[in-house]
């Protein structure tokens, strides 16, 4: 890990399920899937945008629900991803971001390889143990309870 | 702040998300948004109406869900609002209410400027710190857990 | 109150919201309303049917969701009711049940007048104070957490 | 009970409601039913598949929601079942599994007869008492909070 300050962060990569949600999914008899997101995270995403920091969601899930949320938040979103590490590296290269400018917020095993490469590794309180042990910062909030809002208020806002 | 008694209150302004809800939003793969409201709050809104106190919802959110809830409750609702303070002042002027007759129930940063002007400032237990410090009354209930029901039972009902 | 034994109970009247649910309602942007019910309560309703005890839902709510749940449970359901007491008395008369054979499970102010007349008054743990003070039996379960399942297992099942 | 090691397990039978969900059901005014499942359980089902262990859902519920979830997980699913024991025995026979190779994860009374026959009986923390007393293993997780994820991480993964 390159030692960095949050001031050097130019882009934040978010996992979706378990970070912006409580990792649950509402499955309906008509096939619809739904997840609970947090209005506070929505406010925080807007506020972070205004600071000039880029934000991107990378998700393993193929369902459209993450796409709908990303649309509402006005964030780029790459989903249906089997290998998050490669996807992240591609995204960073295309957008000219070095790894030392990346913060990654993830909660589960499929985030591990990508997260290890990020300059700042951030985990919700209820992330998997494997994630918690490599995290630089563990949030007070559980997934879906305002992880991004806490990130904004405690680390980014001056 | 003008020192007032709840007896002088002629109108209550409600924020929606985080007051009538737990500040979460269920996002569905078909684009529908949904929020959890409380049946007790519904009973309380009806009971407050009978006392002659006016009630109005002012929300930043553009989604239709707040409109649907307001319809069910039979309350006026102004949503998709970027500046709550100006919106509130317009509403009060049109309806001939002075600021000393206003109670405001809010939970987050976008309520701050409007809330500061109200005679009585009320916050759910889990409101943002910035709101809690200016609140005259902090409820025992969290957002969505019956904030308006508690307001009715503890302050309005005789 | 006539002193009765659960053995004398021939009919159970249920309130819906706050008894079979946690008193919350999911409001969707397309106008749909939804509530969380408990699968255990579903099993218990079936088991109670087999004992020969009648069951009926009486609800103030006008929404179709209670109707849908009643259909699934195979229970009679009277909803959109403004005066539960009169409705209950009509129902009992039509079906030839005396008040001394009625158990009533309710949680809120609009249950009070009807509930007072029932031989056995049962309340979820999180019922309104006014209900808790008149209840003969207060359940360990909160509304929606298996109130009917507990009723069945602790009182009816031999 | 035949004494067995998890290494001898060739098939896992899952109850659905109360194991993969919190035993609640969201009932909508349009008749749709929905349940909350856990993304972590989804990851665990995939990981268990890779070990060669078979998995099957057997559910009493007639609703389509379990079918939709099973589809997403890529698991066989038998639902609308009134007698789980007979259904399980048929399934095992057809697929050439002996009872000593079966692990059963269940939470409620309708699982009891089938579960008793399984070599390893596994219950979520909040299962019915009748289930907890016969369980070989009681999970730390409640139903819907990652029971299968815990099963995978604590018992199957090497």
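Going by the order they are written in, the chains are A, B, C and D; count residues from 1 in each one.
FYI, contacts are C-beta pairs under 8 Å (C-beta built on N, C-alpha and C of every residue); 3 or more make two chains touch, one makes a residue touch a chain.
These numbers come from a predicted model, not from an experiment.
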Intersection of the contact lists for chain A and chain D: none
Most remote chain, CA-based centroid, reference being chain D: B
Angle of the C-alpha superposing rotation, chain C to chain D, to the nearest 5 degrees: 90
Whole-Å gap separating chain A and chain B, where each centre is the average of the chain's CA atoms: 31
Averaged-CA centre spacing for the pair chain C and chain A, given as whole angstrom: 44
Multi-partner residues of chain D (each touching 2 or more other chains): 26, 32, 34
Arrangement of touching chains [line / ring / star / complete / other]: ring
Contact pairs between chains, per stated definition: A-B, A-D, B-C, C-D
Parts of chain A lying in touch with chain B, wherever the complex brings them together: 26, 32-40, 42-43, 63-65, 68-69, 72, 144
Chain B-touching residues of chain C, taken from the complex the two chains share: 17-18, 23-32, 34, 61, 108-110, 128
